[in-house]
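Dropping the structures in below, format is structure tokens.
In the two complexes below, chain A is the common chain; its partner is chain B in one and chain C in the other.
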Partner chain A sequence: MKRLNRSKGGTVLLFLFILVMGFFCAFPMILIIGNSLKGVTELWKFPPTVFPKNPTLKNYRDMFQAMAGTLVPFSRYLMNTVVITVVGTLGNVIFGSMAAYALCKLRFPGRNRIFSLIVKALMFNATVTAIPSYIIMSNLGMVDSLWAIILPALGSTLSLYLIKQFMEQSIPDSLLEAARLDGASEWGVFWRIVMPNVKPAWCTAILLSVQALWNSSPNVLIYSEEKKTMSYVMGQISASGLSRAGVSAAVTVLMMSVPILVFIFSQNQVLKTMAASGMKE
Partner chain B sequence: MKKKKERKERYTRKQILTGYGFLAPFLIMFLVFTVIPIVVSVVLSFAYFNGFSLPSFVGLSNYIKLFLKDELFLKALSNTLAFALVTGPLSYFLCLVLAWVISEFPPKIRSFLTLLFYAPSICGGVYLVFTIIFSENRYGWANAILMDLGITYKPIYWLTDPKYMFWVALLVILWTSLGSSFLSFIAGFLNIDESLYEAGAIDGVSNRWQELWYITLPSMKPQLLFGAVMSITGSFGVGPILDGIFGNPSTDYALYTMVHELSDYANTRLELGYASAIATVLFALMLGANQIVQKILAKVGD
Partner chain C sequence: MNKPKRKRKKHAMTRRDRAGYLFTLPFILGLLLIFLPCLVNLFCFSFSEIQVLTGGGGYALNFTGISYYRKALLEDPKFNRMLVELLSSTLVQTPVILIFSLLVASILNQKFRGRTLARMIFFIPVVVSTGVIAYVQNNWVSIMTVSGMGNALTGGEGAGLQELLSQVDVGQGLISVVVTAASGLNKIIRSAGMQIFVLLAALQEIPDSMYEAAKVEGCSAWECFWKITIPSVVPQIIICGVYTLISIFTATDTPIYEYISTQEFVNNQLSFAAAMNVLYLMVVGFCILIGAGVIKLAGRNGRRG
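Moving on to the complex of A and B:
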């Protein structure tokens, strides 16, 4: 689109700013990808280089070897992370959408008060609830089980908030009324009319949820080795010293590719949702 | 945010049951893992509790100890505030300016740039690569470049010298902080009614900076508020991300934050009442910061 009021100097200035910031954001990621393809001799060179002269996939092969040396079979960590991510994300999207539907389109006492409580909850970080959450979880017998990570994710306020805001903007009440007149049950209205129409919102919830759960490393809540996650074992490999630097880079690249792929596929949907993310005073 | 008309409505039994039926699965998790913990935390902050025997009421003594006797807490408080006051606004403006510039590119380039800037906030452990960039021997990038250019002749201790630690930490935090607020701003910029700009041009808006301040920003106030909430929530939670790079405790406790102090008392010393008092102070800070920022944002475009 063409707009008025654009000075050349300003354009150059802003372009330079994007260039510098782009470099700042990209450099660490490029470096880690470069390192994951380097052999030992190239990893420790002065001055250091970004791209390997003789790229090798050795680190990725060694990764599987390092995995064989872990305390429990490596597939176990991967499995735990996958279970946490899939179950947590599904639950988060479904519970969040249901609640958003109720708060947005159904009439019942207390709904506005509950929503404003949820907005308040966006304003603080989960660290402040860590101690009582732990006490509650241990009373429920959830400590040292994957549920300790999955269940709190099901009450994530950010997804609910974004889905609700999007629903408000994109679904006219008349559409729901028409469906109800046709004899659709309340669940039918929600599942067959509302859900297909808020696809951008649940794509966003999926992204936020996958990103958080895929990287979760619950060192207090879970102590059994066989219940730990990828993110945890990645930390262990990274911590095992310089000799493992290449392997550690390979694991990092593998880990980061999942949320980034999800974002590549969901970007347009996410931006549609974010257009409705605004907060009224 | 509240609507007053709610009070006069009458509800049928069926409406109430359906409403709460849909809300229940989420609401239960929200109550159990967010609302009840906050209440319990505030209550426990007035008690002595070690997790085994019953809590005993001790009045304000946890708070008195925090502010008058615990020097490490004061250190943690000032570090937390320093991080929040510097990284919060800085990352907020960075998100805003980047989103503004990006939104003017054609769609394909815009998508690529969005991915590039957003990726660091979702890519998990990649931030650990900063330990290589700021490694304290000559294999570290920062040192290698400075030594190569002859600016220094011996390696700088980026990660253990308190003189530099804060700045390196700031860089790492900024790197990971272009998250939800950034996306929300991009969407905000992309969805502004074009006719507003035309009207503005007629009314005498003469350059892009005026356009930004008088037209664009006021019409995306809701996004600005959402972004602020996200930035504040993030900037007060700084702590765990630093441990992988600087270790915990960091040299001279230079990067020791309230999150560290909280987990130290909760997980290591099992003084849960005292830890709850720390959590309550942190909670109050986050809510207070939100109030202040909302007041400031109300002035945008005046």
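Moving on to the complex of A and C:
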């Protein structure tokens, strides 16, 4: 749909549409950022203001003060979250791409059955399997360790599914055959030919995984204070009722800044790779 | 004919086959060690009474047959109704979300100033969607018009400020219609981010030369859209359809999930909850199968037409 003959009025209408829809997407974020800069009186005004009239950093100061007074040093929570996010994301994306490559391009017996099982696992959400997974984690001896969060995240099948679909679209078999003829091992083909070509797919997978793991809060599986995550302690800081409403907004801004940074970085990558992809059959 | 084929298969464990198994090994292990036992446990729970053992810990299962399924389907006043409600709203939402994302993706695919920014904005709901921000994303329309900021920031339902509405001179009915419409639109946009992105990537893969050739042949933009764009993105529409269904069904903020987890964690009705979970999963699986089939069929017809 590029530069087709269209009337001026149609173009204006389309962009008006995009503008309105974009507003719907961006507004909640603007609202929260605005709120984090508001004083108490302005926060409770009705109708609500979007941009603060008397911007103040008091909410952020309060937040840092609360962070300094946590039960376990704050850096501990941060470290836990970072470990979970980094290990979980890397493992998930690498294992996911490996499996996607094998299921998509290596025609070994039984692969369809494995894939259908994996797709079925997509349908489950954490609530469904909460109790059974607790029992299994307890059998594996992983209750109250970070692995209880990391391990299930490694097997998140959404990224596998996305990457596999992308591979099917963008990697011709002939390219792989050529690489094999040149003497590349399966791992070499995967790592040096396939992975660079499905960069958009794994960038998206990284993004989704980081988003989920960064906000992961410990459930029943973790009870030691020193193993809890940042999202948990931030929830504690902001969950002290109405008087903390502003702090809560500040906490939200801080927590969402990391996924947004990752997004801005990977978005750039994704677009670049898409524009440069000369991989057409 | 069958025999020699089977024989060959048995012998031909090629290097590539081995690589295939090795590459999928982490996932197979995960499935075997975590996912399948979970599933088996869930089934066992749903067919039995769970008795927590005191002293040494652990639990024992007493087989009860399908009584919990009967309870969920025949006795429980809410489960059936919630399931039907969820399915009917999904039936409406899914096609709307798909059409909407295709529309937005094809506009974003055109060259205009600021399109990178526009693309990023549409992906925001995917990137940040937990905690307070999720609440605001879901409810900002009513926050701005009806309930005020307080509820949003504390995440609670709390005291609505609806009374304030009565002080405004506009008719109540009109406001509520506008608010409902805007909230519905908001919901669709909020769940379409990923789909827009996937479809956008697919649209970019269509070579320009195809459109140029069609133009030379005298095709209108409308014809190009139906004869070139749609058939080229059918595979991605299927992915998006499945993704949409899955994200609707695995959302934890639906009434049915809240109901099941209340039974599970608050009322301690583990077996009852397990039975409802199994039923729910069966319905969901069935829907996803049908959904993918319908989209595939529609795509094939579109390609032919």
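Just so it is clear, the second predicted complex is superposed on the first by the 226 of 281 C-alpha atoms of A that agree within 3 Å, B and C clash if a C-alpha of one lies under 4 Å from a C-alpha of the other, contacts with A are read in each partner's own complex, and residues count from 1 in each chain.
The criterion applied here is as follows: a residue touches a chain if its C-beta (ideal position, glycine included) is under 8 Å from a C-beta of that chain, and two chains touch if they have at least 3 such contacts.
The structure displayed is predicted, hence computed values, not measured ones.
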Problem set entry | chain B versus chain C as contact partner of A:S116, first or second or both or neither | first
For this session: Based on the superposed arrangement, let me know which partner A:P196 touches: chain B (first), chain C (second), both, or neither?
Result: neither
Exercise. When the two structures are overlaid on chain A, which partner does A:G246 contact: first (chain B), second (chain C), both, or neither?
Worked result: second
Exercise. Is A:Q169 in contact with chain B, with chain C, with both, or with neither (first, second, both, neither)?
Worked result: second
For this session: In the overlay, answer first, second, both or neither for which of chain B and chain C A:G9 touches.
Result: neither
Exercise. Which of the two partners, first being chain B and second being chain C, lies in contact with A:G183: first, second, both, or neither?
Worked result: neither
Exercise. What is the contact status of A:S133 with respect to chain B (first) and chain C (second): first, second, both, or neither?
Worked result: both
Seminar exercise, completed: The intersection of the chain A residues contacting chain B with those contacting chain C is 1, 3-6, 14-15, 17-18, 21-22, 24-29, 31-32, 35, 44-48, 95-96, 98-99, 101-103, 106-109, 111, 114, 117-118, 120-133, 135-136, 151-152, 154-155, 157, 160, 186, 190, 207-208, 211, 215, 231, 235, 238, 245, 249, 252, 255-256, 259-260, 263-264, 267, 270-271, 274-275, 277, 280
Problem set entry | List of chain A residues in touch with chain C within their complex | 1-6, 14-15, 17-18, 21-22, 24-29, 31-32, 35, 43-48, 95-96, 98-99, 101-103, 106-109, 111, 114, 117-118, 120-133, 135-136, 140, 151-152, 154-155, 157, 160-162, 165-166, 168-170, 186-187, 190, 200, 204, 207-208, 211, 215, 231, 235, 238-239, 241-242, 244-246, 248-249, 251-252, 255-256, 259-260, 262-264, 267, 270-271, 274-275, 277, 280
Problem set entry | List of chain C residues in touch with chain A within their complex | 9, 15-24, 26-28, 30-31, 33-35, 37-42, 45, 103-104, 106-112, 116, 118-133, 136-137, 140, 143-145, 148-150, 153-155, 161, 164, 185-186, 189-190, 193, 197-198, 201-205, 207-208, 211, 215, 220-221, 224-225, 229, 235-236, 239, 246, 249-252, 257, 260-261, 264-265, 270, 274, 277, 280-281, 284-285, 288
Exercise. Once bound in the complex, which stretches of chain A touch chain B?
Worked result: 1, 3-7, 10, 14-15, 17-18, 21-22, 24-29, 31-32, 35, 44-48, 94-96, 98-99, 101-103, 106-109, 111-136, 151-152, 154-155, 157-158, 160, 186, 190, 207-208, 211, 214-215, 220, 231, 234-235, 238, 245, 249, 252, 255-256, 259-260, 263-264, 267-268, 270-275, 277-281
For this session: Spell out the part of chain B that touches chain A in their complex, as residue ranges.
Result: 1-3, 6, 9, 11, 15-16, 18-23, 25-38, 40-41, 44, 51, 94, 97-98, 101-102, 104, 111, 113-120, 122-130, 132-133, 138-141, 144-145, 148, 175, 178, 180, 183-184, 186-188, 190-191, 194, 197, 201, 205-211, 220-223, 225-226, 229-230, 232-234, 236-237, 239, 244, 259, 262-263, 266-267, 272, 275-276, 279-280, 282-283, 286-287, 290, 294, 298
